[in-house]
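Below is one structure, written out as structure tokens, with a few remarks after it.
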Amino acid sequence: MTPWSTLLALAGDATGSWLAQLKNLATHPWVVNLVAMAVILGANAAFFAVITLLERKGLGRIQNRPGPNRAGPFGILQPAADGIKMITKEDIVPERADQLVHFLAPLVMLAPITLALAVLPYGPQLVAVNLDAGVLFFFAIGTAGELAAFMAGWSSRNKYSLLGAMRAIAQMISFELPLVLSTLVVIMMTGSMSLVEIVAGQGSAAWGLPGWNIFTPWGLAGFLIFLTAAAAESNRSPFDLPEGESEIIGGFMTEYSGFKYAVFFMAEYFGMFAVSGLGITLFLGGWHAPFPFLEWVPGIFWYVAKLVALVFGFIWIRGTLPRLRADQLMNFSWKFLMPLALLNFATAILWHATAGWQFPGAWLCRWLVCFGIVAGAFTGLGRAMLRRRQVGPRIYRYAS
Amino acid sequence: MPGFGIIKGLKETARNFFGSYHDPGRFVTIQYPEEKREHHENYRSFPFLVYDGDPVKGLRCVSCKICEKECPPQCIYIVPEQDGSGKLLKFPRIFDIDVSVCMGCQICVEVCPFDSIKMDQEFEVSTADRFGGLILNRSKLAKSNEYYHQIRPAEATAVDAQLAAERERQQAKAAAAKSPAPAAAATREKKP
Amino acid sequence: MLTLNHFLLLSAALFSVGLAGVLARRNAIVVLVGIELMLNAANLNFLAFWRFSKNPEPLAGVMFALFSIAVAAAEAAVGLALVIAIYRHCRTTNLDQVDSLKG
Amino acid sequence: MQLAFTIIALLILAGATAAVALRNLVHCVLCLAVAFVGVAALFLLLGAEFVGLAQIMVYVGAVAILMVFALLLTRNADLPATGPLVSKSWLTGVSIAALVFGCLAIGILASGVGQAAPPSPQLSVRQIGEELMRNYVLPLEVLGVLLTVSMIGAVVIAMTDPKPD
């Protein structure tokens, strides 16, 4: 029962039969599903508009400039202006491009991401689809982005597009492993792949502290790994090599203009929302309030607050860090994040095995031991990676 | 410990972020159409012609065409005035500068022996007419010496002093030429 | 009404299309495409038999399909590595021209 | 159910046929991805959610991408517009495939296994996991070894020795 139908049920009982009929119509699965779709899409599109403005303003402030402030008071109409500009721009398709693939690529990029938004629990009752294998669904859907990037890059018949697409695919494949490994820890500790159950497992608070996964050593390390890999998966800076404006023009989006470009842009932001939503669900307690006495505030509020905080974190990181080089990116993924994620997995197993400790201070002891392992691994791997930092001629062993 | 550099960077950007709200002095940008940046005196855009007094008759230009020859992108076009008999006068009938070609190199100013062409500071030259609007003719180029003083006070004063000295020397020369003229003529006659 | 026969016929058709691709095309990568299609047809059969069996509680069909998917991934990786190695050696992926072992 | 099956079946067959028949190899691989997605949809229709999602993840996310990479590394994405597409013995191949389909179809229709589906089994991920860890733990371990070996093997086969400078 969604709150929507509950409300209608109440109303139908109170007043006459025509309302009851309306209730029957409104609780029909098709109607409920359509309403859920419209709400999810509409809310995310509105959020997209707000976030683009927030990002431009925030980046501006980080660079000591005011950001867009012309369209409307304080520039709040800037997203509308951008949208009108994008829609009315000429849609240019290169003459030698593969017309059909070029047309399909933005759609293949956007459609799966909107599917991923459907399985996230936005509140105690606000779950459009509760899949038993929700996390797996999320990652299965995410793979379509790689294919879409390839389609866009290849069909444009432009070397920069192809280079960007190759970079995008290599990056997405490399960072998918740490991403999955960091979520695997949560799945193992919760014992479920359903996002609803994962959120439900984080509700219990001990000593006034929230029971979120991030407040455990494996959860903290997992969250940091997840955040890094998520930034790379959604092509956010400092991992925005696939777009790298200063190197390869616009990456696989070089030959796109007008509304198709807007669709790519939208897909990128929706991807960021989806992956942030997954992070919230897995590590930050989903729609749970931070403290028990705040539970009267609706869950959707906490979800949106956490989402805004995470997205602002992404914007902050974008304003701070320079772009990585391609080989640094690969080294970072395979030689740092992967071993760290595996060690984090081992830490989670230790945490699980020591759950039976009963002596006084056992919890603190467990916490410190596990945190020590993770922090030691982080320091050691980081030192090793920094020591390896030599630049020399590159050898192309596979592409000859 | 690795990773602290990132935190340091994040701290710096956060300081910028919050600082920009309570300290407007941090802003590196200005709101252009409303407020404009103060120029240095040496800032230059495109050339203009200086006149003293009358905007047409007072032009210092003698249409010697040195600047036309020296201009690297060849953006200056000069036609001298002629009198009824076809004799060239020391005055430009047409003086055009195509500012879409001009690169602001200031060579015309360097070579002008009469200090008649100088660099302007006007930069808002955008126009809807792509061809006609960017060719400045004689009347558009002519600007008074007072304007020159206004935009470059130091340089204009130096130029004025130099011109005055030149004029004085000319007058002295003319005066000298008037009185000992017969003697000079006589000595010249004797020579061959 | 959907019966087992529908799935089996579809799977047979998918298998035959893959087989035709393997036998008829000259390009090594298209041959691999055909092999993948045939593997998919087999997986479809496993799951259809599992779903339509009298007693679907033992998960044998699902397990077999899962293992087959994993093995197919390994097969694709090695197969494509072989294609790349052959291309590097012969500068072609045309299978009719890679016949230096022919007597 | 019937309608969904018909649509998905047509999608699969169209994708598969295009994947083996098109001239442009990149189009082939993209059509193959369509066929993979269709098969995954059929898995979902059969109630095997986990297998369907694994199918998408492995086939679309890994195999199709791998094929695309192989295509670009072997530089024959741009085939000549003319020239023979099929091998010399293509007629034999296609007739063998048709024969196989005929035999299979006759066998299936004659076998009388076309029963209706029993009530949908409730298949949870937990069930699959427990099964994997109890009855199928040996195959799982062997599979892990196989994947590692094949990964190393693929790297060794595709790697060229670094040229001595």
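What to note about this one:
Going in written order, the chains are labelled A, B, C and D, and every chain counts its residues from 1.
Heads up, the rule we're going with is that a residue touches a chain if its C-beta (ideal position, glycine included) is under 8 Å from a C-beta of that chain, and two chains touch if they have at least 3 such contacts.
From a predicted model like this one, the values you see are computed outputs, not experimental measurements.
Located most centrally within the structure is A, per distance between chain CA means and the overall CA mean. Once the centre of each chain is set as its mean CA position, chain B and chain C turn out to be 79 Å apart. A separation of 6 Å divides the Cα centre of chain C from that of chain D. Mean C-alpha positions place chain B and chain D at a centre distance of 75 Å.
Mean C-alpha position of chain A lies 29 Å from that of chain D. Residue positions of chain D with contacts to 2 or more other chains are 50, 54, 62, 69, 73, 158, 160. Contact with two or more other chains is made by residues 84, 88 of chain C. Chain A has residues 398, 400 in contact with two or more other chains.
If the chains shown are joined wherever they touch, the resulting network is a simple chain of contacts running from one end to the other without closing.
Touching chain pairs in this entry, ordered by label, are A-B, A-D, C-D. Chain contact summary for the complex, chain D toward chain C: residues 1-2, 5, 9, 12-13, 16-17, 19-21, 25, 28-29, 32, 35-36, 39, 42-43, 46-48, 50-51, 54-55, 58-59, 62-63, 66-67, 69-71, 73-74, 76, 84-90, 92-94, 96-98, 100-101, 104-105, 108-109, 113-118, 121, 123, 127-128, 131-132, 136, 139, 143, 146-147, 150-151, 153-155, 157-158, 160.
Listed in rising order, the residues of chain A touching chain B in the complex are 58, 61-66, 316-317, 319-321, 378-379, 382-383, 385-386. Within the complex formed with chain D, the chain A residues making contact are 101, 131-133, 136-137, 139-144, 146-147, 150-151, 154, 162, 166, 169, 173, 176, 191-194, 395, 397-400.
Chain contact summary for the complex, chain B toward chain A: residues 1-3, 6, 9-10, 12-14, 16-17, 19-21, 26-29. Put simply, chain D touches chain A in their complex at residues 26-27, 30, 33, 49-50, 53-54, 56-57, 60-62, 64-65, 68-69, 72-73, 77, 124-126, 158-160, 162-163.
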